[in-house]
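As structure tokens, here come the structures.
What follows is chain A paired twice: with chain B in the first complex and chain C in the second.
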Partner chain A sequence: MNVLAPRRLGLFLLLAPAVLWLALLILLPHVEVGLLSFRERVGPGEFAPSLKQYLTFFDEPLYWHTFVRTALMSLVVTVLALLLAFPVAWSIAKVARGRVRALMMAAILLPFWASELVRMLGWLILLRGSGVVPQLLFQLGLTAEPVELLYHDATILVGLIYSSLLFMLVPLINALETLDDSLIEAAYDLGGNRLDILRRIVVPHAAPGIAAGCIMVFMLTLGNYLTPVILGGKNSMWFTEQIYTQFITRFNWEQGSAFAFLLLGLSSLLVWLGLKLTGQRFADSMRRT
Partner chain B sequence: MPHTPQHDAIDLSVRGVSKHYTGFTAVDQLSLDVAKGSFFSILGPSGCGKTTLLRMIAGFIAPDDGDIVIGGQSMRDVAPNRRPVNMVFQHLALFPMMSVGDNVGYGLARRGLGKADIQRKSEAMLERVGLPGTAGKRIDQLSGGQKQRVAIARSLVLEPTLLLLDEPLGALDLKLREHMKLELKQLQHEIGTTFVYITHDQSEALVMSDQVAVMNKGRFEQVGTPQQLYYQPASAFVAGFVGNSNRLEVSLSGAGEGVAASGLPLRLAAQHGDASGQQALFIRPETIALSRREADVAEYDNRLSCRVETLFFDGANSTVQVRDARYGTPLQVALPHTGQHADLQPGETVYLGIRAEHAKAYRE
Partner chain C sequence: MIPSLPDNRWLLRGRALYITVFFLFLLLPLSVVAVFAFNDSLFPTPPWKGFTLDWFVANSGGRTGLLFDGELLTSIWHSCKVALWVSLLSVGLGTSNAFLLERAEFRGKGLFTTLMLVPLVIPGVILGISILAFASNIANFLYDHWEIELEWLRPGLPLVVLGQVSYIITIATLTIAARLKRFDTTLEEAALNLGASRWQILRTITLPYLKPAIIGSGAVAFLLSFENFNTTLMLVGSDSPLTILMYGRMREGASPVLNAVSLGLMLVSALAVVLLYLRKPKQPA
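Moving on to the complex of A and B:
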């Protein structure tokens, strides 16, 4: 009799919901989408295997440009989110104590009690031509007339950073919390200055957390649909919007599937590249999130 | 500035330094001088303010009053990274993201030395502390004792005027701690850097130090050589804290005489100053003579007839717990190292002899 058998069964049962979830809701649809992307409609209800969907993507500059633009803007969002989140994470993990710290954590989490849609509509109210911010600027005499703050790339960036900042903050706070204060003191004692300590001690220690935060923010931003559409309008030129259009408006599921696969490939490639360049291991980063 | 030769020989001078926190005073008007090249320990129970004092010397905490002078320079408003002082932290604080060599070379690199110089100096220092050829290793590949040595090498390579050590042996197991004590003393002797060592472990302080300051509640109870602390404690706190002692509450009835709380009359060492009222009496276990024959203790000032209660066998540190037959006063007595009396049985009657000069009373 194998004494390990009952334990193995227990492990399997505990993992079953997660395995089922992964298999039925993530793996299976992806296989289906993958199959869809490699076929072409040749007649009513008739399909043939083909690479036409992928060729269309490369032939049509609009798709191609939207794709590159989405990737670049997502990278900008990731970098800005990191720069904004680092000082905040530092204050929460290393400076704040007790109640202040709890309050700061609450302040970060509080906006997430409202749905993303509601928060984005809030930005809409603030930024549209007749909204709060343009009117205020006009009343103060800073602008000659109320300016339309929506539908700019900068607005999309602000919205995207806003909606993904939490996912940068949490792994950063976790990573910085585990940094022993005496390491910083020791470096200071041995003659290091602030910049030096940041570069040699703090960033190397927090690197897995930084990588984890960047991966999450980048993936979430790349796949975000709501924020670019609401803040950037119909012409926000975000790649998820192209996928939506193909599936829902054009009813061209084959084309939409090909786009979805390209986006998945892009995010995997960039995450892999980022980890390679910074010398991080995926497993280390995931342990920190 | 005129310098007397005496001044030049002082590496660290703490002058009337205080640190107050809301509700309590961590360090209270402390002054102290540490001679160049000496091993100076600050010994005290946890919470006595010794860590605060050390962190003020290192520059992590600013004193409320007073001044700290290191190598003749006032350290007021000098940041820790600009002080000629380095510290070995309690948990060592080695940088896990760097190799052993980079840890030792960290301070040198901050001073702008060239790569070749850094490598040469770090490797020489590692060799000095008995770790040649480890520069390429990761920190987690080292044993506890080796980490200890890397932490010391990392500080000493900068040739500080003063090396501060914050209970660095606390995390080691007993055997290694005993070994590192001797090694640290040896290293200090060879290198000649002034060490300021804080600890709550009296054995560490006694074994390694040239001078020890016993600290309690933010003040120094006594500063002296280990021998002075042990044989001539200046206060009840020092007598109780340094070494083992039997403590009895006595009521003094005149010069050199007193009665313990149990009623046991005792002849004591001559008192300094006030020799009346309630005081704390200390008798070290090894100063008490023990014999099975009453005649052996006839010449002692105090002679007690006791019953053996428990034998605590601990090799050379074996003791026996006895109780005075008439007054019930409990006493701890050291057994001779020769193994004589190792066969004592509970319930046996033994005779104790205590010389008056070994029974010291202090006002608390």
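Moving on to the complex of A and C:
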């Protein structure tokens, strides 16, 4: 132990802001949402404990359909992002060197730091009926008239994958970088083919990075609001949109809280499952990203 | 697979092609945003009608450029104020948390370490509404019992700061703690042997060592705050930060002035990428 460990007063001064932060901005607000979700308005300003909010969720097909749809689409996004990102991460970690590599990293980071709003504006300009892609297809004679490419599920998927690539690429690159090339060379010398090497050396080594990337992407996609709303319009059917509607538009905080809790539950469950499956600890995985 | 191994020529070409297409896909949306910031038309759509700087500097003829769009400039100012508070608070708490993690021993440290990471796995929308609900509850309680009205607990910029800070602190903490972990404590011991007080050691040795991480995480916190949308959307009042204003205008049908402002954001982010990632420190820290 070091000689300069904080003494009693110092420890208190360090702990106080940390405790205030976690208690006032994280723990108590979520307790509040939990309490809200388990009550029901019985009269003006009067509330009683009840399960009504959760029952409504199961009774109303729109709500649980949206929930399941959001979960499934997030899963599809996660898998596709992993498949699309892996070869790129490999090239950056193992093949590209020097300036090319720096440029590739910059190209990955730039869209992320340029804000989700900017990315969505770009997709709007590209895909809407009067936008670049429909006009191009029309002028090339591929379509009889400019087609509206917004408001389709496929468009939402493309937008969500685009937004999540960075969070998949960075952990993958970090994981692949630490893989010693000589292991791959040895496997090759011993007669292993491409698939063997991938399956028995690369993937096991990169597993923590794959897990971290998948968890991050799944969680961010599940909680995304802007991409589905902008690219999907009224038909986006995204669960965060339901939460927003209940809270801000309808002012039904009890219902909105129940939805928030359900989403939080699903998100936590999948993070936990992802860590369990790959045998990792939460803290290690988060530090890696 | 790797350069040191022989590989099929077609596979290599296929990979090169894929990588090229991938990066085109990555940069395409940003490129069209940039290009249409200069289109001489009322809408950011094809056809190309010629080059103009109107969307930056015009203030007549039905066109309001970025520099004269009062609403837009005000929202940028709001975003800057919020981001400044967020980065100050995040860096302050991030530094003190880093000392807690790396130096202090206390009961419940394991719990603290885990709890500290939780904000990263809570969706931003939920962080926003939970803080909204909690703050409103306190505000209503104070008003009902003592008729105290605390304006900053109602939706508005102070609440936006609190919402954003709730998870950005974690990011700042991780960055600063990572650097503190690599610190050679014998330097502090030497200073102590030479008669320095704890405060002198902190001020002249430890904090200067942490400075790159503190500045870096301050910049990251500023950018994350500036670009935050999910949490902000739930907590915003009548004063809109930039992202909220852009969202509103995008839903009404974007005008090229949004492209102009986006180009500005892209340039700032390009600068951030260069400074934060590509300029590697000379000596291994």
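Structural remarks
Following the convention adopted for this analysis, the second predicted complex is superposed on the first by the 253 of 289 C-alpha atoms of A that agree within 3 Å, B and C clash if a C-alpha of one lies under 4 Å from a C-alpha of the other, contacts with A are read in each partner's own complex, and residues count from 1 in each chain.
Basically, a contact is a pair of C-beta atoms (placed from the backbone, for glycine too) under 8 Å apart; a residue touches a chain by one contact, two chains touch by 3 or more.
This one's a predicted model, so the numbers in the text were calculated from it and none came from an experiment.
Once the two complexes are overlaid through chain A, chain B and chain C fit side by side, free of any clash as defined at the top of the document.
Contacts of A:L226 after superposition: chain C is touched, whereas chain B is not reached. Among chain B and chain C, the chain that touches a larger number of residues in chain A is C. When both complexes are overlaid on chain A, the residue A:D196 reaches chain B alone and has no touch with chain C.
The three-chain arrangement built by superposing both structures on chain A places chain B and chain C 90° apart around the Cα centre of chain A, to the nearest 10.
When both complexes are overlaid on chain A, the residue A:E185 reaches chain B and chain C alike. In the superposition on chain A, A:V79 contacts neither chain B nor chain C. Shared-chain residue A:L11: touches chain C; no touch with chain B. For the three-chain overlay built from the shared chain A, the minimum Cα spacing from chain B to chain C equals 5 Å. Comparing which residues of chain A touch chain B with which touch chain C, the overlap comprises 185, 188. Against chain A, the residues of chain B that register as touching in their complex are 58-60, 79-82, 85-87, 89-91, 93-98, 106-107, 110-111, 154-155, 158. Considering their complex, residues 1-5, 15, 18-19, 22-23, 25-33, 36, 43-47, 92-93, 96-97, 99-100, 103-106, 112-127, 129-135, 137, 162-163, 165-166, 169, 174, 178, 185, 188-189, 192, 198, 201, 223, 226-227, 229-230, 233-234, 243, 246-247, 250-251, 254, 258-259, 262, 265-266, 269-270, 272-274, 277-278 of chain C touch chain A. For chain A in complex with chain C, the residues that touch the partner chain are 1-6, 11, 13-15, 17-18, 21-22, 24-30, 32-33, 36, 84, 87-88, 91, 94-95, 102, 104-126, 128, 130-132, 135-136, 162, 165, 181, 184-185, 188, 194, 197, 215, 219-220, 222-226, 230, 240, 243-244, 247-248, 253, 256-257, 260, 263-264, 267-268, 271, 282-283, 286-287.
Of all residues in chain A, those touching chain B in their complex are 180, 182-183, 185-193, 196, 200-201, 204-205.
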